[in-house]
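Letters A, B, C and D mark the chains as written, and numbering starts fresh at 1 in each.
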Amino acid sequence: MLVIMRDHATKDQIDHVVNNLHEAGAEAHLSPGEVKTIIGVIGDREVIYSLELEGLPGVEQVIRVLKPYKLVSRDFHPEDTVVTVKGSAIGGGAIAVIAGPCSIESEDQVMRTAEAVRSAGATMLRGGAYKPRTSPYAFQGMGEEGLLLLAEAGRRVGLPVVTEVLDVRDAEKVAAHADILQVGARNMQNFMMLDELGKMDKPILLKRGLSATIEELLSAAEYILKGGNRDVILCERGIRTFETYTRNTLDLAAVAALKQLTHLPVIADPSHATGRRDLVAPMCRAALAAGADGLMVEVHIDPEHARCDGPQSLTPADFSTLMRGITSLVTFDGHHWGLPS
Amino acid sequence: MLVIMRDHATKDQIDHVVNNLHEAGAEAHLSPGEVKTIIGVIGDREVIYSLELEGLPGVEQVIRVLKPYKLVSRDFHPEDTVVTVKGSAIGGGAIAVIAGPCSIESEDQVMRTAEAVRSAGATMLRGGAYKPRTSPYAFQGMGEEGLLLLAEAGRRVGLPVVTEVLDVRDAEKVAAHADILQVGARNMQNFMMLDELGKMDKPILLKRGLSATIEELLSAAEYILKGGNRDVILCERGIRTFETYTRNTLDLAAVAALKQLTHLPVIADPSHATGRRDLVAPMCRAALAAGADGLMVEVHIDPEHARCDGPQSLTPADFSTLMRGITSLVTFDGHHWGLPS
Amino acid sequence: MLVIMRDHATKDQIDHVVNNLHEAGAEAHLSPGEVKTIIGVIGDREVIYSLELEGLPGVEQVIRVLKPYKLVSRDFHPEDTVVTVKGSAIGGGAIAVIAGPCSIESEDQVMRTAEAVRSAGATMLRGGAYKPRTSPYAFQGMGEEGLLLLAEAGRRVGLPVVTEVLDVRDAEKVAAHADILQVGARNMQNFMMLDELGKMDKPILLKRGLSATIEELLSAAEYILKGGNRDVILCERGIRTFETYTRNTLDLAAVAALKQLTHLPVIADPSHATGRRDLVAPMCRAALAAGADGLMVEVHIDPEHARCDGPQSLTPADFSTLMRGITSLVTFDGHHWGLPS
Amino acid sequence: MLVIMRDHATKDQIDHVVNNLHEAGAEAHLSPGEVKTIIGVIGDREVIYSLELEGLPGVEQVIRVLKPYKLVSRDFHPEDTVVTVKGSAIGGGAIAVIAGPCSIESEDQVMRTAEAVRSAGATMLRGGAYKPRTSPYAFQGMGEEGLLLLAEAGRRVGLPVVTEVLDVRDAEKVAAHADILQVGARNMQNFMMLDELGKMDKPILLKRGLSATIEELLSAAEYILKGGNRDVILCERGIRTFETYTRNTLDLAAVAALKQLTHLPVIADPSHATGRRDLVAPMCRAALAAGADGLMVEVHIDPEHARCDGPQSLTPADFSTLMRGITSLVTFDGHHWGLPS
């Protein structure tokens, strides 16, 4: 950490900062300049992050050089983390395609969609039982009944299933039926939920919040790893910007940056990011080309009658075409499908 | 709702949309143009918001004219809602100043701060017992012990207390000690928590999410009112933008707009929005001038040693000066302090 | 400037940075830590800002402590700059209200509007002769004819006039008729125009770009002052964010921050920022309460038939009401109207 | 265009809107509902875009169904536009790679860079002679001398050259030396410059503004086409968002969307978008996978000593590696390098 003092800060002000640092158990290294003194601070991450020096007299700026996370960092753990569920892998060269409907609506809908995505090559099945909806008047999901249908569909087609935990109180219940627990964008900084999921032994798929920075996403993942759960998959799903043509702005440079900063697998969700069916395929290709370890794609047997996210859902036929179109990108550079063997 | 068909959509495509509307129980009114047909839709809010027509063949755009909320709307309830707790009022001309430390750190700290803000004229006391922190290595609050200290401080100085519910599982516990339950920006779309708080009989202070639109804030409040709890206070606390000089961008036009759109009281939190002590006072004045029903201000007896948000906390002396400086703005236009009698 | 080296950067890498600094004529002060070395750099602003060290091997981050501007800084020139044109002042306690139509449409329209705003208390007259329009099919302004009408209207009612320079080639022509030359938001970083205006002897009203930071606005003003023209007025007119209820987001904390950072007068334009007539008055009050030195307000004798920005234009009656409503805010704190004597 | 009246708007208010439409020469089609009346408007694009109905009494919202552009639209011109300069093509399957230094610094630098990028396979040469810089104290480019050096380098290696027009007064001079004229992001809405370039017979490379929407980019291009110049290349170069890890956020969904909306070639500039050398290659791959017709890449023989954008410039060796890495993406789907024959 660096503390940059204001121009011509007094000796008293400088001493005062140094005393604060010593009290907290950190070391201070002064670098006096003609107009500005800069204080280098050395100490534990916990100490550094609990210090609040910005308000001290004479302090102009405090720069934290240490990152607010450690366990998720590639510096700390250089090899790729590979998350494997029921034989289906993601990370370390294994590419996942997690496909299925936005929400589970009926047995027929989820079974037929599961079969369609399986036969087209998906490596995992997704489906929402609890749906976060902006308006309280919109469809909120089938709840536990949906969970059971999703689990049954996964069993039938032999794919692991991914679904969202919307309420921390439901985490155990969801974990009883799902193979991977998803944290939605709106809950990325629901720290109590992250703490709880950190204690579980199921992989977590953590979506980036709509206005979360890369550093905040990594810090949220750190909460889970700090609890003991090392199987976290990060998901870029679009950030909120001024552009309204797409629902959100898919930040693929974040995918490439995350692959450098962390050992955790990183996937992209072009369906939610764009909100437009006709942009899903090009953004899937782009995400893989940027280095993503996988994709999350909404597929519905009958998008016209979907109870949520119809406009961005692919038909099974669209999805088949997409899967054929990305084969050359997946196998490029020694990568391979993370299919259950 | 309006469905705008693509140029030269076929009769079959138009009929298909109309059939979908009829199936859902809505009425369709066609307005055929030379190149474009527009379909006006009439039906219940619940029906309209559950329809997903964007994906139908030939549909170019769907425009929802009905707002996704109703109970919070001023159209539905023209008079100002006044929230009163322990004789202290907010709304309908009563101006609240909710002051106190970011986090409760010790008995001495909270008691002395409470006395200081009370004597300077604050109408409510705030303090955090559970703190949402980006990094898992930062101070997370004193928990239940903090709650007890805050409640005791409120009793001593005769002010109602406001504190955040961070975990839906703690809602009852927090409600046992606090007079107003705060939902933080990161939980604004934690719909399960909103549902739970909708069933409680304590007023809720709902903070705007970092990237939430005005419409989304009102929809989040609608969740609470729909559950039966009518006492909701909205709080503008800055949105996330590209500007980094301030921590967030305080959107005071949102305050003025909310006062027109809803009957609920609306306050502003310049401390969190700006993150800079020297901008708190001018933004407090600006918020009141924009029509806010109150302010939320961080005050700490010793900001230098605050365990959170020190850089933006006012000293008791700063706060006294602020309170004197805003008197003319509060009493303007027939408004008055919402102090407990 | 600080150069933060990567963890365990080699001695060669550190020497290499130091050599680069010496070659450029800057001094380097090493601050070696256990894992990280930090290099403090001292030198001229010009040298510091021309250095590009981010790409050197072993460099993690470069932090510029020196601001990219100097002449506009309050550190450099602590007293408020007061811009005076034809006896009408702005800055140093003098509050300006610059009112008039978005665009000049006819002699009758501009004369009647000028009389109306003058009698309601405006201190300057505005009007657009050259209009920047997103679509090439929208009304582009009356051009030179509009300039002449505006100048004539100003003479008749005894107010200085403000108008936009849209094309650097027109700067002389506009200066021949106008008292203050406006740089629109889209031209804030049209550096060639800033250079040109820096050589002129007319005050410049510089609007903040839609996505310009506070630092970039100050740097743009620095271009003008560097050319020799010291009379620059800054204008906050809303930044582009994700919120769509208002046209832009009026950043009033930027007004308060600018008042601290620079000696130049700072005004706000709630008409363009909000794009909604019913938000103009509360945002005018809020801007003054935040410390603005003035307001820019669109007024049209017949907003329904305005050829541009009708939805946000006030009628003369609205404007009169607004002016009466802000009197107490203007005279607060020893401020006064900057009216021509 | 649709005019949505407020709930229970009066007959007088509706008639008033209709009269306004008739006066302007547009047709009005009423669609009365129980609570809301909607008025469909039919007329010329020019008329529709000059109407300002939002302020009329009783009007709630005005929705423009017609796009603000026409000539750039794929509806109007379904086949891909192919821009060809000196035998080097872009669009219609021909992929361009425009490489070279951010700024021209010396004869040696530009010649050696030109040779390096030519031999690695670049199809065009770029280089800045006039540089837009945030700070007036940063290097502003070599000016006309730089133009001559660039033109000479292009001749020697047999590649067309691209350079920025920073000042409308220099357009002719730049056109005398360059093959393609670039409009920088900060000038995207410099409408007077767009008008001027619309009259020239050189292709224009139009960069998206930092906070410009897709629709605004297309409207800016429309200015050029409306002037008669049909050879416009669009360039996505990152938009400004809250994320600070990358310099801007590369919006690749905008590339895919533009390819659907317009017939003009669309390229991406990952160097400026990311500001980080190590993200350039993955973002180049991603851009091509998203459907871009080309790339713009900063290459410098000695990035450490670059006078601008060193941190994001590739070395000739990096660039060679990049070019080999993208071959499979370029030749995919029947595309080919747009190299001069």
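The rule we apply is simple: a contact is a pair of C-beta atoms (placed from the backbone, for glycine too) under 8 Å apart; a residue touches a chain by one contact, two chains touch by 3 or more.
Computed from a prediction, not measured in an experiment: that's the story for all the values here.
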item	value
Relative orientation of copies subunit A and subunit D, as a Cα rotation angle in degrees, nearest 5	180
Numbering shared by both copies at the subunit D-subunit C contact, with half separating same from different	same
Distance between the centres, which are taken as Cα means, of subunit C and subunit B, whole angstrom	31
Intercentroid distance (Cα basis), subunit B paired with subunit A, Å	26
Residues within subunit B bordering two or more other chains	211, 240-242, 244
Subunit C partner contacts - residues on subunit D that touch it in the complex	20, 45-46, 49-50, 52-57, 68-69, 132-140, 166-169, 186-187, 189-192, 209-211, 216, 219, 222-223, 226, 240, 277, 303-313
Contacting residues of subunit D [partner subunit A, same complex]	211, 213-215, 239, 241-246, 249-257, 259-260, 270, 273-274, 276, 278-279, 282-283, 285-291, 328-329, 332
Of subunit B, residues touching subunit D in the complex	2, 4, 7, 29, 31, 33-34, 36, 38, 40, 42, 60-61, 63, 65, 75, 240-242, 244
